[in-house]
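Per-chain numbering from 1; labels A, B, C, D and E assigned in written order.
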Amino acid sequence: MGSAILNGILMGSIYGLTAVGLTLIFGVLKVINFAQGAFLMSGLFATYWFVKFTGTNPYLALVVVVPFTYFMGYYIQKFLIKPVFESEKDVREPIGVIIVTTGIWYMLDNLALMLFGAQYRTINVPSVSKAISIFGLYAPLSKIIGFFISITVSGLLFWFLKYSKMGKAIRATSQDREAASLMGINQYKIYNVTFGIGTAICGIAGAVLLPFYYVYPTVGMHLDIMDFVIVVLGGLGSIPGALVGGLIIGLIESVGSQFIAYSWTIEVIYIIFLIILFVKPSGLFGVKGEF
Amino acid sequence: MAILKTEKIIKKFGGLVAVKNMDFEVNEKEIVGIIGANGAGKTTFFNCISGNLEPTSGRIIFDGHNITKYKPYQIAKLGLARTFQVVKPFANKTVLYNVTVGAFVKTQHKKDAIEKAEETINFLNIYEKKNVLAKNLTLPERKRLELARALATRPKLLLLDEVMAGLRPDEIKDMLKIIEKINNHGVTIVIIEHIMQVIMSVSKRIYAMNFGEKIACGTPEEVAKNKNVIKAYLGDEYVIS
Amino acid sequence: MCKLNWFKFSFSLMLFFFVTLFSGAFVNSANAQKKEVVIGNILPLSGPSASAGVEGKKMREFIVKQFNANGGFECKGELNGAKIKMIYLDTKSNPTVGVTDVQQLINGDNVDLITGAWNSGVTYPASQVAEMHKVPFVVPVSVMDRITGRGFKYLFRIAAKDSWWTRDQFRFIDYLAKKTNKKIKTLGLVYINNDFGKSFDDSWLKLAKQHGYKVILNESYAETATDLTPVVLKIKSAKPQILLVVSDAADAILLQNTMANYDVRPWAVISSGGGQADPAFIKNTGKNADYLFDMSEWAPDMNKPGLKELNKKFKKAYGIDVNGETMDAYVGMHTIIAVLKKTCSTNPDKFRKEMLRSKLSTGPFTVMSYPYVKFDKDGQNVDAGLILVQVRKVGNKYERVTVWPEEDARAGFKVVFPQPNHY
Amino acid sequence: MSFLEIANIDVAYGDIEVLFDVSLYIEKGEVLSVIGANGAGKTTTLKTISGLLHPKKGSIIFNDKRIDNLSPEIIVERGIIHVPEGRRLFPFMSVEENLEMGSYNSRAYDDRFETMKKVFDLFPRLKERRRQLAGTLSGGERQMVAVGRGLMAKPEILMFDEPSLGLAPILVKDMMTAIKEIADKGTTIILVEQNIHASLNISNRAYVLEQGYVVNNGDAKQLLDDPSVQKAFLGI
Amino acid sequence: MKFSEKQIKLILLMLSAIVVFLIPVFIKNQGYIQIFIVVMFFMYIATAWNFVGGFAGVLPLGNAAFIAIGAYTSTILFVQYGISPWVGMLAGGIISAIIGIIIGLPTFKLRGAYFALATIAFGEGIKVLFQNIDKIGSVNVGGARGILISYSGDSFANFQWVSRIPYYYIILVMLIILLAITVFLMNSKMGYYLIAGGEDPEAAASLGVNVAKYKLIAMALSAFFTAIAGTFYAQWILYILPKSVGSIDLSFEIAFIAIIGGRGTIIGPILGALLLKPLGELTRTYLGGALPGLHLFILGLILVLVMIYQPRGIQEVLTKIFNRFVKKMVTIKRS
């Protein structure tokens, strides 16, 4: 039981990390990025190939994976999402961007399928995949590292948004686009950067997941839906909310399954999700406009 | 006889009181104006009457019904129509389509509705635009469309929210003529406007609002001379000079 | 408004018309040739079981290439001189896609015969479509019981069915207990929540009762599960002596690695030839799969005549060793070819008659674990035998080593039970 | 050539034209009022200068360079700062952060702490509230932040859109005093107001807009006494 | 002889109708008939989606759930109780409409993206439910194994045939009926109110439109007709499985077909299916093994391009071309 709770917390924080990018992008652009899962897949593949070619530690791969996913997101926003975003500026319920991001998702997933084939790939890092004992509770080192990376990345992101010039500009843009541009902030550059950061976090999540997970072209799909649930639970646009939402999902999955069949836990998650949506659409912890 | 009467309407948004104790009365077939500076609470007050906002407290009686808690569509069906300050046409549909939606209030049949709609469009002199998509209209045309749509519901009372804003003097003149024409057909009209010279020429009575409160009420001449009104409009010192 | 919509509607129908013309052009070209036997293959070429499908496809190509290069059919009858044309369609492991594939093959490509589909869940509905159209369907792999026994006339299965698999799994457990003098009392059952997993679980539960074992864990997990730790923790706390597992490819890897990482070591883990038999499994688990028992119909270390030579040729052509997947395809294709040779016709009734009459035991059929291929009137290969392999370290690599039945076991290897360091 | 010169611009939102052939200029160091009723085009004029809108026709020249097709952030870099109507603060950022955003442009960023000190001198109230979220401030305080934020950008020209809107009369006076003080320190100011008395009192010159046209302009004090101005508003 | 534009369009319509009805007579290859069925099936479900997704102006992404409900209702009734699928079809439609209303009540209060997410969760929730439930009492739901409908000979009552041609005509008739209903509704008060509510709920309400009520009606209609397609699907494939009738991919595909074609227009879903489905089927069958994923990549690309260059769908430009073409025909006839 204790191990189940520990696993729930560790996995939950990692799920949370996968959702942080999604919530950040929503917070600033007010766009739900359906391609989130595909970005995650890209991060996983990038990590995989880095480890395959260099034979080094997956966490070292961050050096390459983060810039790669950052620029991927940056330019996808710049060339594919921005035109639709601009033309929909005055639309009451903009769904064009949702559809474009879904198109990007299909393209990325199937590009990976054509390039790498459908097979499953794992990397074996015995040094971190072994479960170690902490006060009698067991968890693999890779998840513990993942937990700390999740917390660190979220913390760094929080710090970045709170104190850096660019971070403040991002927050200002998210709160009032027009006023921000009157401050001399180029809002589209901010969007590109935000998108880049959001996808870079997916890259980090990929590096964190790979040591105990596997990668194949459509791997993002399950995590995608999971992430939607997480961000709505925690409040769309809230970074701590994403972590808390992740923890809730992780705990339901891990602890809940000690009482009911594992295949039913997902149903529980959907029901909770729908209830939250209907009762408190702003999420459990979301404060509008705050990260 | 009063067709519309509000008693002590209060509307709060969080801590902000947007409308304070508005008592307001309109008699049948009257044209009544509401004036006030930007942010005086005129539109919020309108929204309370038309059901788009529920007042925090108070009572609204329209044509014998207590409509305080009615939904907008129920109020519209009772014969109280409104236009919006920021026009809200169904942008991807034609003028005729827009107006027909309004005309359906009184009929189930498309033929009747279209007939009524065409009549209304004709009445407002935009017949030649009837097959143009609403998004391709000019501002004055959109304002007329907004009016036509409301009018197609064959209302007893019409709430007009700044139908003149953004129009040129000659266009304003046309609009004033239309408003009088509508009124001559027996429709009661309440109109919000800041351009006082415009509103004074049509209204029989005027209410002036500032900071959500009624600060004056009476004939146009009375209101224009009211100190509170001048102060609200031109600033403090103006009254003295 | 009204006018406009009708116009648009008519316009769409116009377009429809053009598409029709366009496709009509295809029809003619597709039917032009007819001096060949067209065999439709439905396989998982993408999706979760893709690696199995892709390797099966390689072996099929290998056989047919050789067969056609040798001049095709030589027999008395309509097929003399005919060659084999293969058409491959991807099922994505999705039953619906499989069904549409079969319909496409029969109705569009006019195939004479169909083979596939690896996933039981696909084979089950897809074979009905073939049956409706009286097109023979040869199943080399899918094991789900319900596939045969439906009174189908044109369905033939070479693989053993799952009740035989589970039967032999329990015989093996009995064997282990007897051989090692260990008292085996408790079982844990873990299965993937799909048609394949569910049908194994059903018969395990029955057999456990019959054999007098106590099931202390019966757990399913969703196909889409991202983290199997909760399942592993449940195993850890229930501590069954024997763990029976049925998985697809991805989850097999995840489950095995997670168990190893949490040091969850029952006396034995016995899997059911699903994901654990996938070539990707050992590649991605390695040491973590050490001492796992997996059920199989074939293993490369069985000392069968002709196998070495076959492996050499195949490896030269495709760069991989033959394995369970490729061998299933191998027997499947050779069964089809052998029977067609005898009938020298694509007539489905003749095919059925010959299928039921034949007992194939020579030539390519010597490489299997069982001595011959023979079908009963349900179309089931009657003596499809099963073996158990254990994953063991050989040299510096992990391999599937045949350990049971004892007579087939690889020289120098014996069952290791209970596994070292078990709980 | 004047400091800022707008020549014959037409501006439209989509198809809807709101400014017709508007021309105006401002000299360095001046306080210029643009007055008119709602919908007259005052805000549009400011938005066009600050680059949020682009004119369909005509030109805007600042410091001898055309700026009418530049994007807002570049115009900010050049030194024209627009304090928008309704304050438009960043509600979930503190007062200090809001002010800092004002100095986002590269001309002002390095001196931000110094400038902030000056702003705090001008509005001591803000110093007390520096850590408070802007969304929780009172109306007057918000307006102070908005003005302070404009100052933080080290403006050459500072444009105010209805700074007195929604403020109690006493606060209007304070605000106008503050604006005057800013002007006295050498910043050129364009002031858009409905409260014409307050604004004309501190202005050098003024333009009167009606329905998108410039209908009158001249010395602020003279316009203040011009009955036609009063008529434009009250219709008397 | 002279024809007006209207007459020419009518003649073209008649001609195309005749062609569509005669296709099975001329095309003997049932493989192509199969593709036509797939295309029409998607035209049908995308048209049903359009009630909510197009006219009511929101983005539902869980419509596969209704297909699942329809398919499961009729299949369970047929397989276990011997009730004809035609009856089951109606039952499934009604159950689905009721569920549509129940789910619509809270979800229509949500805006934009939240609505889309809620429908995704609803769709996935229904799928997982079907996956996990083996039996309810004596009713065998089949769980993750799905339900196979045994073929018991060609029969109209049992809704099953070996030949594809009956299915062709059934889906064709279903499509024509649905289109006729759509055309009729969109030209009635209901249609006007629905579209008005979708374009601007606030303005519509002020004109007397009970926006919520009409959205719910649209939801019920959409659910009803989608569920009927579910029954068709079950009898056509003769096998249902949660992950194939209830999958999120299917929900997405339905929406994308309508959107690419042009949501909120009657022709949109037709054109969308006509563009995307044959492309998908042909690349899958002819390139299938060679480049798996290519057709989905192309789908994604089309989605992105359409949203950037033709946000109102391909119908806009195609209708223009068609109208120009008809005009030209008029002038030719006249000269």
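Note that a residue touches a chain if its C-beta (ideal position, glycine included) is under 8 Å from a C-beta of that chain, and two chains touch if they have at least 3 such contacts.
As the structure is a prediction and not an experimental result, all values here were calculated from the model.
Shared contact partners of chain A and chain D, listed by label: none present. Shared contact partners of chain C and chain D comprise A. Traced through touching neighbours, the fewest hops from chain A to chain B number 2. Look at the CA centroids: the one farthest from the centroid of chain A belongs to B.
A comparison of the A-E and B-E interfaces places the larger number of contacting C-beta pairs at A-E.
Distance from the chain C centre to the chain E centre is 35 Å, each centre being the mean of its Cα atoms.
Centroids built from CA atoms put chain D at 31 Å from chain B.
Chain B and chain C have Cα centroids separated by 74 Å. The multi-chain contact residues of chain A, meaning those touching 2 or more other chains, are 113, 118, 221, 261, 263, 266.
Taken residue by residue, chain C touches two or more other chains at 1, 45-46, 50, 193, 222, whereas all remaining positions touch fewer.
Counting partner chains per residue, chain E has residues 128, 131-132, 187, 200, 292-293 touching two or more of them. Contact annotation for chain pairs lists A-C, A-D, A-E, B-D, B-E, C-E, with touch applied as defined.
Residues 57-59, 106-107, 109-114, 116-118, 120-122, 124-125, 128-129, 131-132, 200, 248, 252, 256, 259, 291-294, 296-297, 299-304, 307-308, 311 of chain E touch chain A in their complex. The touching residues of chain A, counted against chain D in their complex, run 165, 168-169, 171-172, 175-176, 178-186, 287, 289-290.
Across the interface of their complex, chain A is touched by residues 45-48, 50-51, 54, 193, 219-222, 224-227, 229-231, 233-234, 236-237, 249-250, 253-254, 257-258, 260-263, 280, 284, 286-287 of chain C. On the chain B side of its complex with chain D, the touching residues are 37-39, 136-139, 142, 162, 165-169, 194-200, 224, 229-230, 233-238. Within the complex, the chain A residues that touch chain E are 26, 31-32, 80, 83-84, 87-88, 92-96, 98-100, 102-111, 113-114, 118, 217, 221, 225, 228-229, 232, 236, 261, 263-264, 266-267, 270-271, 273-274, 277-278, 281.
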